[in-house]
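Next come the structures, one after another.
Both complexes shown next keep chain A, but they swap its partner, so chain B is in the first and chain C is in the second.
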Partner chain A sequence: MSTSSDPRPPASHVLVQFCHADRQYEPLDALTVRYEVQGLAGEELLAVEHSVLWYTEGKGEEDLGVHFFERIVDQQQLPSANAPGGFATDLPSSPLSYEGVIVKIRWCVRVRLFFVGGRDFVSEYVFTMGQLPPARMPMATQS
Partner chain B sequence: MTPTIPATRITRPAPAANPFATRFTRPGMIAPLDRAGRPIDVPALLDRAIALGPLVTIEGPHGSGKSTLHIALVRHAATQGRPTACLRSTSASDVWRMAAALGAIPRGALVGLDGGERLPPGAFVLIHAMARLRGLVVVATVHRPMRLPVLARCHTSPTLLAAIIDRLPSHGGRIDRADIDEALARHSGDVREALFDLYDRFEQRRR
Partner chain C sequence: MRLPRFFGKKRGHRRTGSQAWASLGDAAFHAALLVAGLSFGGLLVSGVAVPEWRINHDFLPTTCEVLGKGLMRRAVTGPGGGSSSTWQPCLRVRYAAGGTIVESWSGAARSTITADRDEAVRRLSAWNIGGSVPGWYDPSDSGSVVLERGYNWPMWLLALVLPGALIVLGGSGLVRTLRRWGRSEERCAARSGLSGILDPLAAATRHAHGHPAVPSCDDFVNSPGTFLRFRLPIESPESWSLIGFGLFAVLWNSVLAVLAVGAGLDLLGGRIDWFLIALLVPFAVVGVAGIVVFARGLLLATAVGTTQVEIAAQPLLPGGTYDVLVAQGGSGGIERLDLDLELEELATFRQGTDTRTERLTVWRQRVRSWRDLTLAPGTRFEGRATVTVPETAMHSFTSEHNAVGWRLVVRGAPVRWPPFMRAFPLVVVPATAEERRVGDRRPSQVAP
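Moving on to the complex of A and B:
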């Protein structure tokens, strides 16, 4: 999923590669991510934020936890058309990804681009940590 | 330094998100729409709020889009360089907490007050006086007329709910118009509850 706080359709997008092609990780695994920013079309980057986080998804209140975060402002370290970006971290032991009915826990990598003109753009890529089986729908009871 | 990893491509799609989850549907995630599903002209409404001030209301029943609209107004005011603040009332006893908060907000700010219906009617006399004294414009959400200038009245319809769903991530054809009509009717026009209903239907159909 990609979102932007600017109503204009984003011209750029981020292509992410995980070190595990199936995006399946175990707790404490090393996570290495490489990404390319495509379609910059002359727009100049001001900063980039990398984060690895989990969040809940469901009908009620939401929760999230940021496991890894860094903000890159050094122009020489910012990604460009010719220089892909990347980052690495060791995953924690919990929480495990969970595909529940009422609530789900998802892990994701986010790359947020800040442009000189004030626009920003977020790309989010979900991955799985652990192997919890998905919850089953409760069967309707018959009276 | 950029880490070196094998040049692999993603081979497995991420699990599909439920497009009716709170993270996609909470107030502020979707631009405010009118009963016919058309975008509301927020800049024009902000101008009107400033002209009508210092205390105006957005009226409507539960789940009719009041919070969505007041958040859009606050955000737009912020983009115009105006100081902004959001307050949320959770009980009738919040009157003095509200008054203290209004006293601390910068002059000229646009203040969104969500949950105004929970305050006793007399509270609006105090809020009005505070807003005038501080040069604020307060936009309060309420369920019923409060003898205050009305900035907007929120109403829902199946067309509005369908337009909201069009702006959510794809449901992959798991929800049809009959679901939308039924969900909204079951919850007496409350869009928030109807979206929760559709969350459940989506879960049932994708498993």
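Moving on to the complex of A and C:
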């Protein structure tokens, strides 16, 4: 999934490759990500942020937990059309990906590009940690 | 220049809103609090603190001869248009200030201020014309003299606490907003040392060691059981409701009592305030209803004896089997007592200006049932059971607005009282790779 804070359709996009092709991981697994920025069209990058995080979806307000974060501002290390980027981390033991009824937990990798003009562009790729079956037995009470 | 959009991206069925406008609004709100605190603090400092400090440090001592006496009246107009007055004894004094003789009026001590004019007149008699009293005059304005020194501590407290709270709230909020300004949500959410200080509520949840987002079970293992290792704490939302009803009944009836005393004094004085009496009737009805609801809740909560649950281990592991003891006190008969293992999801969300929490039980398994129990006073029913956490169970999870929690639930149907339900939270941690590998060889916490 890719989103941008610019109303114009983003020209650039990020192609991410996981070390597990099925994007299925177990807790404490090593996660290695390679990515390629395409369609920069001459736009100059100011910084790139790599993050591995979980977020909640569902009825409640969204919560976010960042497991891995790095911000690259060194022009030598910034990815370009000729030099793909990458990062690696060991996943934590929790929380596991969870498909609940009103609470869902998703893990994802985000690559956020900051351009010199002030525009930023984020690319998000969801992966699964653990192998929990979805919860399905709604019996609601509201307080 | 482009203005930020009001609406941001859409996630699920919700629009998440514009981060930029939200930050702007947040910054404006906290800046307004900060400015209000600084302004209010400035007014109090310049109007109260500085003059008082000067009186105690700069004013020079002198001896004042009392030339005349009088009362100073201060009229205060209330919000309803009515006014009230206070009276302060004042003295016309003559004193030597820097080689010159000065005459001036000055208020007597603050403790002499009263709302009763006759009392103020009586207090005036403490001073005699021609007598001497100590005084302190302003060296930069010899016409300004005071007959009392010291600090008005309640005013100082007000000057510190009220603007101080506004400055702390506004300042910390503004710093927090400015730290997030222009930063991605991932960068803001990444841990930093200041986050806990600037956002203490978000950092309040304790997590299990080595298991991020899994609640700590420290509070669940500090009470030993009588037969099994731990006695589980009871999760009782009904108790909070009962406390709420109790507080409401006390506060409402306190207001009612104050109004009733006023009406009673009027009646004794031969006056009948029909408006007040008409107001008292619905107030009294609500007050009595509050007491009845609280008393009924208290009776229901205490009529059925206490329920205790003990367990052989905490935290629990998926696939693990554990001994459980259920103990039910009280007297009389219980038709049915059920023990269930449940998985519950909690989602907290804002609906307009309300914050609501929805609970949903997404998995339930009957562990054991007991029928036709007869309880005698002084003894308790004790039943044993074995709980098995499913192999593919979701672990306990908690974040600021969402949670997934396991609990043992005891449901009872007493013969003479309404059914009751009591929940005892558990913590399930995710199994490690080693624990998953051993599978069935995992040691169980079941007594032989």
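Heads up, the rule we're going with is that the second predicted complex is superposed on the first by the 136 of 143 C-alpha atoms of A that agree within 3 Å, B and C clash if a C-alpha of one lies under 4 Å from a C-alpha of the other, contacts with A are read in each partner's own complex, and residues count from 1 in each chain.
By our rule, a residue touches a chain if its C-beta (ideal position, glycine included) is under 8 Å from a C-beta of that chain, and two chains touch if they have at least 3 such contacts.
Keep in mind it's a predicted model, so treat the numbers as computed, not measured.
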item: Which of chain B and chain C A:57 touches, first, second, both or neither; value: both
item: Comparison of chain B and chain C by chain A residues contacted; value: C
item: Touched partner set for A:101, first chain B, second chain C, both or neither; value: both
item: Contacts of A:66 with chain B and chain C, given as first, second, both or neither; value: second
item: Partner chain(s) touched by A:125 [first = chain B, second = chain C, both, neither]; value: first
item: Chain B versus chain C as contact partner of A:22, first or second or both or neither; value: first
item: Shared chain A surface residues [contacts with chain B and with chain C]; value: 57-62, 101, 136-137
item: Contacting residues of chain B [partner chain A, same complex]; value: 2-3, 5-12, 14-15, 17-18, 20-23, 26, 169, 196, 199, 203-204, 207
item: Of chain A, residues touching chain B in the complex; value: 1, 16-19, 21-24, 32-34, 55, 57-62, 83-88, 99, 101, 104, 106, 125-128, 134, 136-137
item: List of chain A residues in touch with chain C within their complex; value: 3, 5, 7, 26-28, 49, 51, 53-54, 56-67, 69, 71, 92-96, 98, 100-103, 105, 110, 112, 120, 122, 130-133, 135-143
item: In the complex with chain A, residue positions of chain C that touch it; value: 4-5, 8-9, 11-12, 16, 184-187, 189-191, 210-214, 237, 343, 345-350, 356-364, 392-395, 397, 399-404, 429-430, 432-433
